[in-house]
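Chains: A, B and C, in written order; residue numbering restarts at 1 for each.
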Amino acid sequence: MALFLVNILDGLVTGLLLFMLCSGLTLIFSMMGVLNFAHASFYMLGAYFAYQISTITGFWLGLLVAPVIVGVFGALIERYGLRRVHKYGHVPELIFTFGLALLIEEVIQFFWGKSQMAYSEPEALNFAAFAIAGNSFPAYKVFMIFVAMGLFLTLLYILTKTRIGMTIQAALSYPETVQNLGHNVPLVFMGVFGVGTAMAGLAGVIAGPVLGTFPGMAVQLGSIVFVTIVIGGLGSLWGALVASLIIGWLQTFAAAYNVAMEDILTFFGFTKPENIWDHPLQDLWTLTLPQIGPILPYLLMVFVLVLRPQGLMGKRET
Amino acid sequence: MTVPAIELRNLEKSFGLAKIIQGVNLKIEKGERHAVIGPNGAGKSTLFNLITGRFAPTSGGVYLHGEDVSGMQPFEINRRGLSRSFQITNIFPNMTVFENIRCGLLWTMGYKYSFWHMINGQRDVTEKAEQILEEINLTARRDLLAGTLAYAEQRALEIGITIAGGADIILLDEPCAGMSHSETDLIVDLIRKVTEDKTLMIVEHDMGVIFDLADKISVLVYGEIIESDVPDAVRASAKVKEAYLGTTLEEEDA
Amino acid sequence: MNTASKTQAVSNPNRRLISLSSLLPWAFAALFLLCLPLVFQSSAALTIMNQMAITIVFALSYNMLLGQGGMLSFGHAVYMGLGGFFAMHVMNMVEYDGLWLPLPLLPVVGGLFGMTFAFLIGSFSTRRAGTVFAMISLGVGELIAACSIIIVVFFGGEEGISGDRTMGPEVLGYDFAAQSEVYYLTVIWLLVATVLMYLFSRTPIGRIANAVRDNEERAEFLGYSQRHVRWMSFIASGFFAGVAGSLFAINFEILTEENLNLATSGSILLITFLGGVGFFVGPIIGAIVFTLLQTVLGLYTEIWALYLGILFVSCVMFFPGGFAGIIAMHRRPLALGKLNLLVGPYLKVAIPAITSVLSLAAVLEISFHKRHSFGDDHEMSLYGITFDSHGYQALGFAIVIAAISLFLVSRILPSIKAAWDEANHAGDAQ
């Protein structure tokens, strides 16, 4: 039971982190129709910028400044890159952001090399917040939960209580109406892209010390992020939240419980073949849950798509 | 009593809370040229979209030659002999004019999903496509990209693609929208020519065109048909005058 | 008879199924490919040429999706990889289980396997085009790549699976042990696959795939199910990807997770787009240029992937037609007989343009060396010059040269623009 509680919390951390990326991605997608393939690259930039700042001033200033830099960078890319490609349609836009993802990874390696950065949590948060039956839970993860929750509540407040939020909400529900906003649409686009990438940057800043700050961190998380929003339903913010949490828990629990296929099969009355290593069903017998863990999100995606093509909470089959 | 080409029974369509089509009943006989008129926002395009399968009806049914096609996909309805044009020009802009027409031909000429025919080698398709180009006066534009044509030419191409497959029921959505008088005259002649012996359903704002072409007119107001009769009767109808037509017709007569 | 010959005369000449002029480029290409090994005899050259041929087949099959069908896939390596793995297993069955299959037929087997998988996955992934298709292809790609580490029986885990191509029955006395024999096998398959894919683009389904790409809704109102059209293109593309995978298996005799992961899928997108998705020859150009860049640049610089990234992003932004698009832009001047007007301006801009590219590359190389060289290793050589990368002279010099040449390019550009307009303008100059 205690282990279960720890896993619930760990999964929550992963899920909320995913949601920080998915929410920005969903905002950008709903407003602009662009799926930002480079979204996880902005997350990576957040971690690297924060690391660089933290070597000079310490963690806390990095936490504040790095997301802003990432956001400004994102806005500039929208203004001078994406907008150029916009006239060719959404598929070239997607190809552009794909190229951007490649380029950002190379640029990061150009400046920081291939190895992992020594970016770690601040001293002030380097203690165990509490323990559940001997399993201690680090204060930094509690902090991560608070940051993610804080971001989520701020987003909720902006979307439901402010004028620009109402506009964005209208656009989320009725994408065609974005054209009729009567506002300065290019500026809104630039702003949304900037804010969305800044959110990804913030996720990178707080995730860097835990998941590692290295050139592969974008690829590692990127695919999962896209799978998450497909499961949740493209363009649905609540869907993204639900899917993020499901995937967070799915991965955490799969990694934590060492259920072996052999036990299950034996339980159902099958006998293990004598010479397992040459047997065609070798993999079936030797698999364990932690091994399957990484593919669970993708399997879930395939199931969702077959059973409910619009995603868990998507309204339309986009 | 023959089976009507198109029959709508208690057709309804809602978007959220808004009821756009509220119980339409309509029969269009084979070979009839039927026009649908009505003020902006009356639901004319929605009606077209329901008949052609772009939207599924909320309730009620659409029958083609007596067969219930409601809820079918557009391509299934097309295969049952119904073809439509669009209010906003809807062609293949990156293909040549000739290829646009050819795309309209392939299914009904039996090529379907074939990957064992070389398309340029099929003389029957090529000849038929060239014949249609001739009919819509675009032979000179044969090898231009459709997206580069002038607006009126694109409208003509739109009609050409629509009729190419030889469908016996043709739905035209505002074919004359945005055209000058002389262009409109050409298009009306073209429509008359290409829809001979076919069932035609047309939405149009230009009253001249309507009264020129139609055998029967239905008046759609707020998602309901308030009158459906021969042009003279519609012209005389007090109900129609009151609801919508009066002023326009007086202008026409003046 | 009389009327028949009349129609013949009036009708368009390209209406005939096979004409000499349409066969000529193919015959020339075949002859060229068959003669290449006479010039490039080294084993390394043959390997590069085989690699190129495989990449061409793969890129062409990818363009059946992206260019002809409007489907952006981030997981096309799956079909090449699965085809290759399956072909490798069949190769091993030939060796150990006495299965009779001549090596040259192996690509058919791999192709059919790739096709089967495309059939299964396409059944749900081709429902929509655009973003949704792209995301599903990514998810499926990651799924299969992850599975390849778990399912050891089929994928061989981290080390992959390997085989021996020479164990099958001999064909015309060849056992395909020599690199040159494999080259001819590969090239014949390259020609066969290319011709078949070209022909596919000229069938009714191939044309309707274009129509669905341009305007899927209109195609539905012409009797075509957009989903079925995409699905069929997808299946056909899966076949040729599987053929490419089998050729890979034959050439390298080993397949690993790398053959079906996201990086490989991404690079085929890059190759195809660089070459030009709007033209049948685009992917061919892309595959040749990319393989050359990779081998040549890879020899000289550590940061070649950075250059490739810059090239790709600028291509998407400024030349979405790719290399083939740039070449095709010159068709109109050529038709007008005004191509000669462009030669002068092009030559004029070439020197400063090349200088600016080289000096900008120098700026990057020097900075990179300065940042990442070990310890006291300050010595660096570039373009045959050896210097201290940590001093300011070299970097400063490169920056100054870059600035001057860029300035010159910007001064010449207006005259190129003018020459371009003139060359595309029918009729004589005023």
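Quick notes on this structure:
We adopt the following convention: a contact is a pair of C-beta atoms (placed from the backbone, for glycine too) under 8 Å apart; a residue touches a chain by one contact, two chains touch by 3 or more.
Predicted model, so just to flag it, every value in this text is computed and none were measured.
Any chain touching chain A that also touches chain C would appear here, but none does.
Here C is the chain whose Cα centre lies closest to the centre of all protein Cα atoms.
Taking the mean of C-alpha positions as each chain's centre, the chain lying farthest from the centre of chain B is A. Centre-to-centre separation between chain A and chain C, using Cα means, comes to 31 Å. Centroids built from CA atoms put chain B at 48 Å from chain A. Spacing of chain B relative to chain C, judged by their CA centroids, is 44 angstrom.
Residues 11-12, 14-17, 199-200, 202-208, 210-211, 214-215, 217-226, 228-229, 232, 236 of chain C are the ones that touch chain B when the two sit in their complex. Interface residues of chain A, counted against chain C in their complex, comprise 29, 33, 35, 81, 84-85, 88, 90-92, 94-96, 98-100, 102-103, 105-107, 109-111, 113, 219, 223, 226-227, 229-230, 234, 280, 282-283, 287, 291-292, 294-295, 298-299, 301-302, 305-306, 309, 317-318.
On the chain B side of its complex with chain C, the touching residues are 52, 54, 73-75, 78-79, 83-84, 86, 90-95, 99, 102-104, 106-108, 111-121, 123, 126, 161, 165.
Remark: chain C residues 70, 72, 74, 124-125, 127-128, 130-132, 134-136, 138-140, 142-143, 146-147, 150-153, 262, 266, 269-270, 273, 303, 305-306, 308-310, 312-313, 316-317, 320, 364, 367-368, 371-372 touch chain A in the complex.
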